[in-house]
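Each chain carries a letter (A, B, C and D) given by its place in the written order, and its residues are counted from 1.
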């Protein structure tokens, strides 16, 4: 089997989507680039989270074509593939319809950075991507155009949901989890008034520290 | 025992209602038509979800009369039976009082289609059905009048809750799960402003693709 | 040990408070009258829900005095005792600070009956009781004055939380679970507008049917 | 190993943060002072809650320097250390970004005391602390300036999250759990109107009773 270690990682990480209530039924997926190969591992389409194993993961090439697997790849495979083709630094992609992030996306609003945890993880707002239909490269293009050169590792695709990226699938899952967490907290804050802004200088300091100091001391 | 495979399926699917927090105490139920017979299997009345087994499921005829079972059938049996009598293409029915969907129902509002996942699964808005009292065919008639010829597989019964249908009970449970998920996301979106509409053409394209392309590639 | 069967029932029913997220830490309690004796069984004070057993339950007389038990009885014992002294038809009492019901209580508002499930279980609105301090019979008096002769089996004590009653502790726990469920659904409905009223005649019909027809067919 | 009993207590108490949904990923931490020594035990940085054991806890001195441990201490260690240095009566500190409390913090609002459970546990409002950046003693100073001489055992740090204190880590965890619980209930109450105030005299009576009478009768 190709990409065995990545199959195990990707299969297991779906449990985090379930644990943090980011997904219902089969509507979310994780993928991971196979190191050193032009391949990625992704969730099979329509298989429930309880039934995911390293063996039933699907391997695709960077055009999203099935390379190895008994099931069809996730219906979101084209978007994942586009990201891997166009962002070589990305090693993991996650897609969810998590409730609060998707609510911001339904209104077409970016999430403003009013929490120190957002400054740490996202370095500022979580941006809005375009409305795009499934079926061609529109979604992938929207993700890449929004996130390329942006600090944020997550994008709210209008009327749709969230895509997050990372250096590996675990990092992308963390971004998906944190995105929903801050989407919910900022939503709740806004329900009763206006959250206080954080000065751009402070956002920059927090982001620098978290990405550098924190990262060096703690590899996980 | 009659309808053994369907007893097993129906008993097991109630766990999905619990998993997704669609029900409290004993207030929701799943039924499934027995293939090739004028019978359906339904939850027994007042039995807790922990105690459901294939053996204690109840079998009814299409008028809702008890055919086999030690317990009384669910108090919602007449509504299920009416659906099976009048919609021969339906193989599964689910009823819940799930929170967000029931809140739309309490205000008497359909859920507008502002999420691509709604376009996929429901093909547009989730419609409102009439206020109807339990005790005769009023609820069943309200379900059938609202859903017959409608893309949506779920209806919000005014001041009451949700009924969903499907080609089999698993499909009806999926519709109940997705109905609450989109009811919650659209509610949250609306709390802070107006969600952006999706053009009817785009809704149509998404629905067609999901029901056809997606379905063909992924049988589950 | 006195009241053995009731000790087992009361200890076990606390798990339902946990399951439905009605309580945090040790802040809610169930009690049950010992049939044929002027005694009731109640949760020990300050013991976590994980550690409750039939053996560490506490037995009190109807004045709330400790009769049997190694721990002190719940700090809410006086209120439970007052209910048992003054409402001989009551066999179980539950107290929680469940979130949505307590929010209505904090505003000093009864929950209007806009859901058929509320009409079934409570026969109308869930009423508001007075603000009362712990330490004497004030809370018990407020509960009894509000619920005596009222259809509702639950009362929202102002700025405090919920007390519910039933013919036995399971029935009181069901009322506590349903109270939070409808408190949440009606809250969510009201967030985006006014729920539609249900006519008093229809409320009466639903209540009569649920208490009579439904009850006769299904003893549990 | 130093502080063995405290390692076990601190490692185990993190499960309460998970149980009550106060934390996601690795973003919250518990610490406990080692009795009779100028040391405290704290969560290692970046280790998931599933993997915490007494052995992988970290021991620091009261300046926050690592004394014993294979991992780096939590990135919030300096704030914990500052509290232990400046509040000798404190034996446990907890930090979370729990949703509702952090939402009040994002708006820069204290939580008003409109629930008897708040009067019991916090003796009044839960106060707001200053905006402070990580990296020096600013956060610790903000906590101590806000809580020293205040009845409340929890502080909302502006745009950040919650710190809570107690005579031991269990007591600090209880305060963190109760803080989120009342933050959520008061938020929900305020969504539909103004909660009723509780008179200061009544708050004082409730607080006195809970800290004294309740405490004496029930040591846990």
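We take it that a contact is a pair of C-beta atoms (placed from the backbone, for glycine too) under 8 Å apart; a residue touches a chain by one contact, two chains touch by 3 or more.
Because the structure is predicted, anything quoted here is derived from the model rather than measured.
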item	value
When chain C is superposed on chain D by its C-alpha atoms, the rotation angle in degrees, nearest 5	90
Interface numbering overlap (same over half, different under half) for chain A and chain B	different
Whole-Å separation of chain centres (CA-atom averages), chain B against chain C	31
Centre distance in Å when chain B and chain D are each reduced to the mean of their C-alpha atoms	44
Multi-chain contact sites of chain D, meaning residues that touch two or more partners	191
Contact graph of the chains (line, ring, star, complete, other)	ring
Each pair of chains that touches, named by its two labels	A-B, A-D, B-C, C-D
Chain A partner contacts - residues on chain D that touch it in the complex	24-25, 27, 45-48, 71-72, 75, 97, 99-100, 102-104, 106-109, 131, 133-135, 158-161, 187, 190-191
Chain A contact footprint on chain B (complex, rising order)	20, 114-117, 174, 177-178, 181, 184-186, 188-189, 191-196, 198, 202, 205-206, 209, 214, 217-220
